[in-house]
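What follows are several structures.
Both complexes shown next keep subunit A, but they swap its partner, so subunit B is in the first and subunit C is in the second.
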Partner chain A sequence: MKYLHLIWAALFRRKTRTILTLVSIVAAFLLFGLLDAVRVSFAEAGQSANGAERLQTGAKLSFIQPLPQSLMTRIATIDGVKEVAHANWFGGAYQDPHNQIFTFAVSDNYLDIYPEVSVDAGEMKAYNDDLNGILAGEVLIKKYGWKIGDKIPLQSQIFPNKEGSKNWSFNLRGVMKAKDDKAFQSQMIILHWKNFDETTPYNRGNVGWYISRVKDVNDADRVAKAIDALSANSDHETKTQTEQAATRNWIKQLANIGLIVTSIMGAVFFTLILLTGNTMMQAVRERTSELAVLKTIGFSNGSVLGMVLAESVLLLLLGGVIGLGLVAVISAGLPAMSGGMITTAAVSWKSWVLGVVLALAIGIVIGALPALRAMRLNIVDALAGR
Partner chain B sequence: MGTLVEIRNVSKVYERGKQKVEVLRHIDLDIAQGDFLALMGPSGSGKTTLLNLIGGLDSPTQGQISVGGTRIDNLNQGALAKWRASNVGFIFQFYNLLPMLSAQKNVELPLLLTKLGAAQRKKNAAIALQLVGLADRAGHKPTELSGGQQQRVAIARAIVSDPTLLVCDEPTGDLDRQSAEDVLGLLQTLNRQHGKTIVMVTHDPKAAEYASHTLHLDKGTLVEQAAHA
Partner chain C sequence: MKFLIGLLTLVVVIAGVCVFLSLPWQGLVVLLVLLGAWMLLTRRGQQAAQVTGIGVSTLGQRLGSSAVIVVGIAGVVGVLVAMLAMANGYSETLRRSGGNDTAIVMRGASASEVSSVLGHDATVVIEQAPGIAKDEAGKPISSPELVVAANLPMKGGDPEQDVGSVTVRGVSDMAWKLRTNAKIIAGRKFTPGLRELVVGKGAQRQYEGIDVDRELKLGNQTWKVVGIFESNDAMESELWGDADVVGSTYRPNGSNSRSSVFVRLTGADAFEPFKASLSSDPRLQVDVDTTANYFGKQSEGTTKMITVIGIVVGAIMAIGAVFGALNTMFAAVATRAREIATLRAIGFRGVPVVVAIMLETMLLALIGGALGGLVAWLIFNGYTASTMTAGTTGQLMFTFNVAPSVLWTGIKWALAIGFIGGLYPALRAARLPVTTALRES
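Our next item is the complex of A and B:
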């Protein structure tokens, strides 16, 4: 520790160069922090405990193909199914087509499937009593400043109402509060399927997808097969999977996020190692005679090795912590800026640990060669400038 | 006075590829405790090499060297480093101060290897700086000091851990006449008042006059011995 001022002084011997190097390290770790947050939030999507006991049933061919509503009672009778609900995509935009809000038309028991979402009993009753009522997530309510009882105009992308207009109007009857802020319902609107079905001329008894809750998580596979068996060889064959698998499949269709993130970071850190490694090597080469003086005075080979290694580790840790700190600042601001669409809160402790371990490891990798060089430095030759 | 440095039949051979260069040949030399010895000789005669052996920066190919009763010719690198830290102070032609540290911090460097606490290190370094007449420059970086002042800081660094032996390789080689005289006067004071044994390599006969006697090296052997007053 008493060598710290030596290490620090050596590090900032060339201020501009060190600061530029530091900036590139900060940039790398900023990227790492942001991408890791993305990776983690994708990995965690649909991974709630409740998610494991929910099955989603959609049309096998394409998720936009509807299923008959008659399937509801048949699924309910399958042994192992506790409850089954259904939903349709409504796709609402509020005021401006850019303000897209996830809006589903759902069966009346829909929220029973999601125990992590709570609605005040009085509000729930008001919603159930009003065919044109809706429930909205608390994030939305805050974002748009709605009050219960408001008339909320929503524009559907697809479905016209009885008058042939895609502009619908609903009565806000209650707030969906999520016990876990990852529950997507806090950012969506639900309306009565019955209302939707009776109003739009195009639906007529169709359902977008079914969600069932199983009695026993370990039984989920069997139940899923039994549900699909109901529609085997019909014109509406289904595919049932757990909510987690469904979410993951959906993401996989977009891209393999984990692989992309890992390969981007691999490339970034590889470049960082080459650049910073070269800089460190150069820095040590410039200091040859200073290192020789330290050795002359009596500093051991080991302590010279340690000092150079500590210097590069310190540089990386400094850059890493600043980078991740910036990510923390940015991601603390993101949910507010995006109006809740992005919920990644602060950098997770796992990202911090991974980041710090990476900084340490890269620091050691980068410092190893110059440190060995410094350790092996022959005093007599170095002093004579050989 | 007793003998501090005993050199017996010391040779140093450097190997350049297949070619062997015998830089020092069968040197025998005693340096008394409290001596101020000047080493002169043509370029390439082996002065620096001999000085490095005496200071324990390098080991001889053959022969024995003992300093203060300790055989240093067969010590390994780690043991030599430890030995240097407590027994020898080094002064070079180009001062070799660490450019990013203040004069004070440069002087404190050798004390980092001792058990002294931060406050004591600071105090000892301040005393050493005072001794070389630079107490008021403690906070200055080497670039903010003249050559003569830098060399005096280097001397303070060499004496701060109170070694018995000072080895100086052309300490005035890069200084103007006045600064050179300041530095040489300082070395003389350290020798006479503080009992430091000094071995100094120099090309300058005027500098050698400050020493108590001078030895000449030529092609790796000691050729003549002339005593001063």
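Our next item is the complex of A and C:
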């Protein structure tokens, strides 16, 4: 620590060069922070304490295949199931067909399965009393400026109503607030399944999928198998997974996010190492005689090595922290930019730790060669400029 | 004042780079010809050429620092080209799936095939519309198709957990006449009325245990794979079976209904009358579109998203590379300060010096761009990936396509980075007072 001012002075010996290099490093870590936030938000999707208790049951054949509603009472009787609800894909779009909103037609007890979602008791009652009522997530309400009591026109991409038109109109009765920022309900709309089933001629008592809550998380596997056993060898065989496994599988089908992120980061850091490494080499080469003077007045080989290494590590750490700090500022605006696809993109402490470790490691890799060179410097040769 | 000038040049440079990036190749040729003419015909131009020659000939001695520019820019271009190649491959695959002389008919206001339902009556009416091409036997080339989905285990994954969704398309025999690019490459076509499937080459690559003469379980039904087909478009990611059989399996109480009707038109100009006749038919409520348009619309969103991500990532990397190049060129100019000052002392003017340094940087940038493009091409051209997008039922397999246009964009980015990276060092070299520079060690 007592050498800090020396290292600092050496670092800013040539201001332009250091600042230019610093900007390159900041750019690299900015990219790292952004991509890592995206990776983490995908990797952590569906992972929550409440989510572990939930099982999703869909048709084994494919996700578009419906299941009979009669399965509900049979699932409910399985030992270990606390509660079971069901939902249908409605496929709503607001104003513009491209402006899709996740809209599910759900059973009345649907929200009981999701304790992380809260609805005001009065609003909940109003929703339950109105067959044509809906609940919307707080994010949506804010985004579109809806008010409770509004008539919300939604266009279903799949289902027509009684008149054969796909333009449905619902009464907004309440707001779903998420206690946990991973709850996707804050970005979606739910409507009464009964309303949906009675209105569209295409459904006739079918549900899209079941969600059940188990009493004991460790019992989830057995319960899942028991649910699937109910419809084994029927024409509607089911497949039950934990919410986490289902989400992971879904994301994997979307794209191999991890691979894309890792390969981009590989290219970025490889370039960074080369670029900054060159700068450090230059810096040490330039200072050959100064380093020789340091050695002459009694600095040991070890401390010269340490100082050069510390210089490169400091450079990387500075750049890394500034870069990640920028990400923290930017990521506040990311959810809006991605159109709600990425819900949480804040820099987690894990990203910070990973970033700092990376900065340290790269700093050491880059500093090693110039530092060794500085350590092995022969005083006489260096002073003579040979 | 100095700061203001600096700011002004920055604004001009950024505007210039934006114009440059949107320039077609003809524009660049014109620029090159102008530059060449200037270098050959005017005195200053000749000077510039000479100074450039000196700079380039000494590049070998500055191999390490020159490599920084080359590799830095290669990194940017490599990532950019890879992302653009992904977007390009994806949209190309969907674009190839459609044409202007085939049309798709779906229930009105359906976003995609899977959300569309057409009853048997409707499909019969559609087949009789004018403008549909006829085959040798005089039957209209039209194929009512049923699109459903099935879960299949992915290759190399846990068969219970890693399942992927695949599109199963029930087709009629006409589908082969309609899609002339679909060809059986192994086995044979399915026999109508039997539980037999032909599998696209892409789907075969993606899912476990698909081969000719092997059995495949879709839900609790067993199907037999009898052939593999190749079509080089989106259809290759699908499983095809007889529409009636697929219908009776998936829609037990409505097996006559279909998702869509594909028709081959007598020509691209037959589309308007075909559409008009269906739209005015009171028995139908359908949307008609050319397949080119339909598949184009489907790819739009994802292509745009991948492109935007590629450009954002590329731009951030480019900022890093620009500063790397600036650093290197400042150092290069500093070591050659005396040399440059000497040139100016014996009568070379500022402009040739600026041009020479810029050309040198841009040459390095060009090498970097070409290198990055080459690496991306070697690794990613033909690399297969899959995705599943909104409104579809199955994963879509596509290959990265490092097209010339993609490489061209990469090269343009490289040149732009080289331009900015060289400009400021060049200006400094030209501005430095000769006496100061000569005294500098």
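The working rule: the second predicted complex is superposed on the first by the 356 of 386 C-alpha atoms of A that agree within 3 Å, B and C clash if a C-alpha of one lies under 4 Å from a C-alpha of the other, contacts with A are read in each partner's own complex, and residues count from 1 in each chain.
The rule is short, and it goes like this: contacts are C-beta pairs under 8 Å (C-beta built on N, C-alpha and C of every residue); 3 or more make two chains touch, one makes a residue touch a chain.
Here the structure is a predicted model, which means the values were calculated and not measured.
Q: Under the stated touch criterion, which partner chain does A:Ser169 make contact with: subunit B (first), subunit C (second), both, or neither?
A: A:Ser169 contacts neither subunit B nor subunit C.
Q: Is A:Asn109 touching the first partner subunit B, the second partner subunit C, both, or neither of them?
A: neither
Q: Check the contacts made with subunit A and report whether subunit B or subunit C touches more of its residues.
A: C
Q: Touching A:Ile297 in the superposition: subunit B (first), subunit C (second), both, neither?
A: After superposition on chain A, A:Ile297 lies in contact with subunit B alone.
Q: Now for A:Lys2: first (subunit B), second (subunit C), both, or neither, which partner does it touch?
A: In the superposed model, A:Lys2 contacts subunit B only, not subunit C.
Q: A:Gln95 contacts which: subunit B (first), subunit C (second), both, neither?
A: Neither: A:Gln95 stays clear of subunit B and subunit C.
Q: After lining up the shared chain so the two structures overlap, which partner does A:Asn128 touch, if you call subunit B first and subunit C second: first, second, both or neither?
A: Once the two structures are laid over each other on A, A:Asn128 reaches no partner at all.
Q: Common interface residues of subunit A with subunit B and subunit C?
A: None.
Q: Can you name the residues of subunit C that touch subunit A in the complex?
A: Contacts found on subunit C: 64-65, 67-68, 71-72, 74-76, 78-79, 82, 109-112, 114-115, 117, 148-151, 161-165, 218-220, 250, 252, 285, 301, 313, 316-317, 319-321, 323-324, 326-328, 330-331, 385-388, 390-391, 393, 395.
Q: Subunit B touches which residues of subunit A in the complex?
A: Of all residues in subunit A, those touching subunit B are 2-3, 5-6, 9-10, 12-13, 289-290, 292-302, 379-380, 383-384.
Q: Touching residues of subunit B toward subunit A in the complex: what are they?
A: It comes out as residues 48, 52, 55, 57-58, 77-78, 81-82, 84-86, 90, 92, 96, 98-101, 105, 109-110, 112-113, 118, 157.
Q: Mind pulling up the subunit A residues that touch subunit C in the complex?
A: 16-17, 20-21, 23-25, 27-28, 30-31, 34-35, 59-65, 91, 97-98, 100, 155, 157-158, 164, 166, 202, 233-235, 237, 239, 241, 245, 249, 252-256, 263-264, 267-268, 270-272, 274-275, 278-279, 281-282
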